Structure formats: structure tokens, C-alpha cells
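These are the structures in question, set out in turn.
One chain, subunit A, appears in both complexes that follow, with subunit B as partner in the first and subunit C in the second.
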Partner chain A sequence: MGDLTLSAEKLVKGVLQGNRRDLARLISLIEDEDPSADEALSSLYKHTGKSLIVGVTGPPGSGKSTLVTRITAEYRRREKTVGIICVDPSSPFTGGALLGDRIRMQEHSLDKDVYVRSMGTRGHLGGLSRHTSDAVRVVDAFGKDIIIVETVGAGQSEVEIIEVAHTVIVADVPGAGDDIQAIKAGIMEIADIFVVNKSDLAGADKKVTEINAMLDIDQNMGAWRPPVLLTNARTGEGIEELVDKIGEHHTYLTESGDFAERGLKRSKDELEQLMEYKLTLELLKKLRGTSEYEEAIQKISERKDDPYSVAERLIARFLTDQRE
Partner chain B sequence: MYLSSSKKIRVLVAKPGLDGHDRGAKIVARALRDAGMEVIYTGLRQTPEMVVRAAVDEAVHVIGLSILSGAHNALFPRIMELLKEEGVDDVLVVGGGIIPEDDIPALKACGVAEIFGPGTPLQVIVDYITANVK
Partner chain C sequence: MGDLTLSAEKLVKGVLQGNRRDLARLISLIEDEDPSADEALSSLYKHTGKSLIVGVTGPPGSGKSTLVTRITAEYRRREKTVGIICVDPSSPFTGGALLGDRIRMQEHSLDKDVYVRSMGTRGHLGGLSRHTSDAVRVVDAFGKDIIIVETVGAGQSEVEIIEVAHTVIVADVPGAGDDIQAIKAGIMEIADIFVVNKSDLAGADKKVTEINAMLDIDQNMGAWRPPVLLTNARTGEGIEELVDKIGEHHTYLTESGDFAERGLKRSKDELEQLMEYKLTLELLKKLRGTSEYEEAIQKISERKDDPYSVAERLIARFLTDQRE
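Let's turn to the complex of A and B:
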């Protein structure tokens, strides 16, 4: 797999010059957690922040991939360039994955202004992979106007997409779940736009009513009330309106100051997650493989010690060691 | 969770040409998945251009071409040619399907590394890819 040993610096340069092979390879470098990936991301950072990022989430089979294809076609009609990142689950047993979202995206497969990339979750929960947001950033630096991120088929708590996207579309289909499902926490709370897809199926209007009823009793809603749209991604019905709504939401975010506020919160979250990850990495690098560490684990499993105090002890010592 | 190598072999399983039979391709895709690889399946009826574009965009290490229509002598060399044009020289290309023995030498000469005919045990394909991925 020698193609990934190329220098990160060269790949960064290629990405900024619009070389899609370098774009693809840099994303792989990041996914594979190559030691040079951070350096590449760090030098790309100042070139990012220009793309509008749209998240599409919803249960398996709700038509997310087809919806993404249609939204892309509409943006292309409006002469915008598009990057698509689709996440599918990796097997928890083998780590392998079957990434099949491209199948529905044939019509864009030769458009040079559309870039499609599939990612496996690689053990990460939350609806995305650990490095989806980094991949989005690389596509952003590459210069796509719009980036669409499709999550894995989401149930109720795969809500990580809100940390990545400016506008989150939650797609649902008629006939799934009753009105109690609609007021549960989680995925139903994160929508900026609701889509009831497969609008030709029976119960579509009822679904719209249920979601609207849920929104009616929402006490925490800001000035943006998520619209509930009917679409038929197969025929393209409702897609133009959906893309208009994404634009309206973007305008709302900018004018209300939410954009800046969300950006600040996102930067803080990201910095803290990164520090947590790096600290853990450093700590484990020191501990793993030492006999003391293995013995401590053994003792915990025999109930001779407990994980709470062991963790505290190990961290305290790590911090003292760092000071010296 | 941490410190484990997360490097994965990425494979594009593609169906170039006009035959609509992808049971074999799906079974191979599944076997590669179960061997821990990330498999991107293109779906049916791909032109050589579409296959090469997908391979570039997805930064795959391996391309597996499945064809049952008999058009392999036209499509495989065209795909190899396009890969060359794109400067892709580090991807392992293998093929499978209904391909007569007599055609295999010419396909290999244009850069297809191996052809797996009907009845090939899945493990043979997995082992070949694992051993030969560039």
C-alpha cells in the first residue's frame, strides 16, 4: 500500500491545486491515522471554512443516498460544485465494510465538479467515523462550494452530525413509528429541516402532521422553526424547495449570529476532543505493555482493586512525571 | 480502540459493461468485507471511465472487475489504459467472471494481475489480494 507513503506536504499542495487524486489520498492518510496526517490538517486549516456543509441523516432505508443524489443534481443545476461524503457502518467483528452509497450516485460519477467519497465508521459510534470532520475539512480546502455528509442509517442517538454540518436534514418515511417516537429525544431534536421522503407512500401527510405537532410543543425553539417538507427522491419532487430551504437556513444562521456562535462552540468542542484524544494516546503509550499496568488490570478483574481509584492513581502519576 | 493500526485495504468491486448479473460480485464483496477490507461496490453497468473515476476518488488499493457478458477483451484493456492516463500505477487490478482460458494471457499482458474463474474458493481471492496489494 505504498501510495500512502507520499509526503503529506506534497498531498496538501496537490489538494490546494485541485488534484483529486491527492485529495483522495490525503483523506486515506487521515483515515488510516498516519502520523503525518495531523501536519497536513494543520497546514490546510487556514484554507477551510468556505464550504456550506449539509448533513443528511435518518433511519436505514429512508432514502438518504437518493436524496443526496437529487440535492447534488439541484446544486449542479445552480452551478455549485459539490463534495459528498457518505458514511456506512464497519463490521464490529472484522472491521470490514461494504460501502454501497455510490450505487445511487451514478448520475454524478463523471461530473468533474462532484467528488464522492465513501467512509466506513471503523468502530466509531455516533453516525460518523472518527475522521469524517477531518475529511470534510480536506474537501473544503479542495474548494467545493457545498459539502453533503450522509450519515450511517441513524436510529435515535446518532447525532454527531450536528458537530460537522451547518444545516442538518433529518429524513424520515411514512409509516414508521407513532407520535411518541416523534417527541423522544435525540435525532428528532437535531433537524434544521425535516424531510418526509417517499411522499407517494400512504401516511405521508400524517407523518408531516405528527412532526409539526411535535414542533408546536417545543419550548426551546429559537427563531428558526424547522420546516417539514415532503419529497420523493426517486422522482425529484420537492427537491428544489428543499435546496431553497437549505439556502434560507444558511441566511438565517448568518443574520442571526448563530453562525458565529456555533463556530465558536465547535472550535471549543473540537479543541477539547483533540486534547482528550492526544492525552489519552500519550498516557496509553506509556502504560500499555508494562507489567504494572497488566497487573493493575488483573487486580481489577479479580475485584482486588477498582477501576476508579486505579485510573486516578495512574493519571496523577502521569501528570507528575510530565512535570519533571 | 487506541494505538491499533487502523489501516485498511480498500477495494473497488466494479461491474463494467452491460450484463446485469452481480450475484458473483456481491458474494466476493461480502467475502472481502468479512476479511476486514473496506469494499466499495459501484453497482451495475459501469463504463470504464466511471470505474476509473471511482477508483481515483475512493483511493482504493485494489480494483476487482466482474464481467459475464464476454466484453472483457474490450473493457479490461480500456480500463487499464485509462488508469495509466490518470497516472495510477499503484493499484492491483484483478478480474473474475466468465472469461475463457485463451483470453487470459492477453489480459495479463495489459496489466490485469489475476483472473479468478467460476468455482474459485473465496479464500483464494482474499489471500491473493492480501499478498499482492501494493
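Let's turn to the complex of A and C:
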């Protein structure tokens, strides 16, 4: 434990001094659910809250990575430093994110003011959104002005991931009848800005009209009506306007008080996620590997007992055992 | 509480007697996380384990719903009863699944040996996969021979949902360069049978070849090599063969011992999911609404405290309080 603490302390110092290798190491420790990561996160926390966090999501093929590359270039032109976190929740098995993302981001790989990191699913207990939120925090403490989180839409886990963002961009492309359905079904409600990318394709204007029509009938919209922008990430068309809109949204959040409110909600969600994870871990540490636990599972699978009663019983015992 | 117990008992009896209204009511109670649902599930458990559970997943536009309708018709021709559960994890906000699914399934709506149910996201704490697994169990106890679970691929929550299935069918369509990437990234590992649907479209054979090529280099494949079938759900082409393959896979599972092994793993996963949920609920019941808790969250959002330390402290206190 002495060693762990030492290493956490060293990493924290390194991250705060802008050491990229320490930053990368700490994010790896987070993914590995190493105990020293928690210590480091705990002491880095007070150095966070300075970055503007931008989420970019959308269906596969909507050109998200190219879009992120262009947005980054525009922020660099405006002399902002940028962190990029590419999340690939669709890969719970391979334990790593798509190589493609890294390759596409290569344009910025020699720029020391851009930090790029891919994250896949490791560990368990819904780890990815917790890991992503922790990684964003570390990049925030590291000092990047802008953090872009890119993830494939539109499942529930993606929505959870993107909730760390202050401003969420939902990207879509012209055509494909099912697309509009996909947006309707899932990510419409979380979009602060819509982007119809690949504006050179037929049907781009029609798509913009469709999204605006959906927004017209949205009952839950607040004071911010999400703008629908046309971009062509390949040529860079519309990117400047997009970055301007992100700024406008940020101003809106600050002035309306939404910024503080989102921060409070985020703190609550994060605290509860952490507690769920840690408390369950305590319980499972006691149970796993004991022959009694194995027998209970065996009985359930043979239908001699049911999981609902067994869960109640094991939890009651766990809580009682704390008396000793 | 007396009323609740009474109603749970009544529902259990109704479900076991084949009352569709009681079946529907119980699934609604599950979605509402009503306490009486747990009681009912607990006593229904010993009547489960008889259905063959088939998962159908794939990207939007792959014709999953039509495929499910056709598979159902083929099973009905073979005099099997069928339950269908359509899951829409992409909609964490609307609180209900897509109307479209219900409409497409109308073909079977007058057949009393087919039960169709749509499920969306309600509640919290990763509820959807737990609710789906519970609903499948209830339909199992209700006595359907085959239960088909349909969900949109390929996020992590979808993967969790589909894990309840004995046989997983991954559907795809010809064309769209990104598709193969989507399959690669997420759901390749969970497929027991691949289906290239819309076989009349150009590129169908090429897609079959591509999937087979991926399978050729798969290092983790067991004794069952997933077949890659061509179907046209609109015309019914290939559906009979598909249903035959499901049967072959079932035979394989039984003879290889995988069936029992999957059952054991599923029991364990389910028990742990349940315990995670119930234990966290106990903790949150004590915390939520107390001014101390609100203040802790406020402090976190102001960076005067960090969520990692607060989580540790609140959990330690919760466990200590059990002594009183």
C-alpha cells in the first residue's frame, strides 16, 4: 500500500505539471480499476472544473472522427488546448477501442497541445461510463481548455457517457431512412447542437428540415433551441460556425444558471455511481470464491432456489456481519 | 403490504393459468419496479427454464422486426407457441418502446399462442437489462415454447440484454461499408448465427463472404462455428433454414454441456445484478432527501470535497449504522 500511495502521489504531481506520460499512465490505472487511481482522482479533484467539455455522438458512418479532428483544428487556430477522448462502448470484448480512431486523429499527434486517448470496455459493473468520466476529470486537471468526448450513438450506455459533457453535438448524415428514426428514438433529447455532416451528399437540406420539424414538436425543450448546422468535415465547411455555436451554448449555460445546475446533477450522479460500485465490490469480495456462494448459484440454476430470495438473504447477512 | 402480497399471489396464479392480462400486468409491475413484482418473480422462478430463448439483434435497418415476424410464423407452422419481447434501449427518455415494433408484429396479434410485448427504459440503475431478463422469465413461466428477444445492436447494454438468450442471431444487410465495422466492433463475439437479410439487394453474397472471412480469423471460436445464412424476410426466403439452424444450435448446446454452463453463468450474473441493485437501493433510501446528503453533493460540485472520499465515507457510515 505504501508503494501504491507513493505512485499515486507521483502521478498526481506529474499530471499537474503537464507530464503526458503520467497522464496516460493514470488513465490506464483508471481502466484497470487499480486502487491507486482512486487516490490520485481524489487529490486531483480540486484542480478540475476548468475545461469546457464537448460531447460528439451519432450513428456509425456520420463522420464523427473527422468532425472531431476539424473541431480540434479550429480550437487550435483559436489558441485553445484540446483533449480528445474516443469512447468505444460497442466493444465489451476486445478490451480496447478501435484502432481507426487513433489513426484518424494522427493529424494532431505531433501537436503537444492536443492529447488523444481511446477508451474501450474493461472490467465490469458498467465501468465504461465511470472510467470515461474519471478520464475526463484527469484531462481537466491536466489543464486542457477543451475536452472532446466522442462516442458512437445511441444506446443507453452512450447516453450515460455523454452526460459528462457541457455541450452535446449529435451528428447525422443525409439519406438512410432509418437514421431519423434512430435519432428520434435515442439521442434527440440530449442534443444541444445538431450537425448534418457530409453536406455535399444529396438530401442534406431535407435532413436539416426534418430535424427542425422534430424540434418544432418537442414539448420538453428549454430556453435553448438546438441549432441544426450543415457541415462537411472533409472540406472543413461549417466548422467555424459550429465552434462559434459551442461558445454560444456555453454562454447560454452560464447566464441561465444551467451550468451550475448541470454541475450539481453531475456531482450527484457521479457520487451515486461511485457508491454503487464500491458498495457492491465490498459485498462481492466477501462472497466470491466461497463454497457457500457457489452452492447458492448452483441451486438457482437448478431452480431449487430463486435469485430474488437469495439476493435478499445474502444482502441481509452482509449487513448483519458488519456488527462483528 | 398485505394488499401487495395478495396481488402478487393473484398475478402468479393468473400467469401460471395462462391469463394474458395478468402476464401483461406483471411485466408492467416489473418495469415500474413495484415491490410486488419481486414477490411474484420469486414464486414463479421454479416454473421457469422450459422456454428456448432466441435473441435477435443487428443495426437499425437490418429488418429485424420483419425477421422476427417470419421466424414466429415458421415456429407457429411447427406448432410451437411464441413470446416476443421487443427491447428498445435507445430510448431512455420516452419511457416506452417504438410504436413501429408493435405495428409490425400485428400479423400475430390475433393469434392467442403468440404474446408480444415491447419494453423501453424506465427507472434507473441500469434497469432495462434486469427488466428484460425478468420479463423473459415471466413469459417462460407463462409457458411459451419459444421466446424471441429483439433488440437494436450494438452497444454494451444491448449485449447485456441479449445475454439472456440461448441462441443469438445477428442480422445484417448488404452494402454500407461501415456495417462490417459495426459488427466487428461489437456483436461478432455474441453471434451464434449470422443472417444477411434482404438477400435481393446487391452485395448480399459479398457480405456473406466478408462475415465468413472474419470468422476464419476468429481466435476465440469454440466448437460451434456460427453459420452465415441469407434470408429475405419480406418474401420468407431462408426462414425455414434459419429456424432449423436454431434447432441445431440448441442440440449442440445441450450435447456439449454449454447449455448447463450458460445456465450457471446466467444465474451468477443475475444474482449479482440483483444484489447490486438492492444493496444500492438500501443505501440510497437512507441518504436521499437528507440535508446532509444534499450538502455533501453541493460541496462536491463546489470542489470543496471530492466524490471519491465522500463515497468512501458514506459507505463506511452506512455499514457502521447497521450495528444500531
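What we mean here is this: the second predicted complex is superposed on the first by the 283 of 324 C-alpha atoms of A that agree within 3 Å, B and C clash if a C-alpha of one lies under 4 Å from a C-alpha of the other, contacts with A are read in each partner's own complex, and residues count from 1 in each chain.
Please note the rule applied: a residue touches a chain if its C-beta (ideal position, glycine included) is under 8 Å from a C-beta of that chain, and two chains touch if they have at least 3 such contacts.
The structure presented is a predicted model; accordingly, all values stated were derived computationally and were not measured.
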Which superposed partner A:Ser42 touches (first subunit B, second subunit C, both, neither): second
Partner chain in contact with A:Val159 - subunit B first, subunit C second, else both or neither: second
Touched partner set for A:Glu189, first subunit B, second subunit C, both or neither: second
Residue contacts on subunit A - larger count, subunit B or subunit C: C
Touching partner for A:Arg76 - first (subunit B), second (subunit C), both, neither: neither
First, second, both or neither for A:Asp306, with subunit B first and subunit C second: second
Contacts of A:Leu128 with subunit B and subunit C, given as first, second, both or neither: second
Partner chain(s) touched by A:Thr280 [first = subunit B, second = subunit C, both, neither]: both
Set of subunit A residues, in rising order, touched by both subunit B and subunit C: 90-91, 94, 98, 100, 280, 284
Subunit B partner contacts - residues on subunit A that touch it in the complex: 1-3, 20-21, 24-25, 27-28, 31-33, 90-91, 94-100, 102-104, 106, 109-110, 115-118, 120, 122-123, 280-281, 284-285, 288
Subunit B residues touching subunit A - in the complex, by the definition given at the top: 1-3, 5-10, 29-30, 32-43, 46-47, 49-50, 53-54, 56-59, 61, 86-88, 90-91, 133-134
Of all residues in subunit C, those that touch subunit A in their complex: 38, 41-43, 45-46, 48-49, 59-61, 88-94, 98, 100, 121, 125-126, 128, 152, 154-159, 176-179, 181-182, 185-187, 189, 260, 263-264, 266-268, 270-272, 274-276, 278-280, 282-284, 296-298, 300-301, 303, 306-312, 314-315, 318-320, 322-323
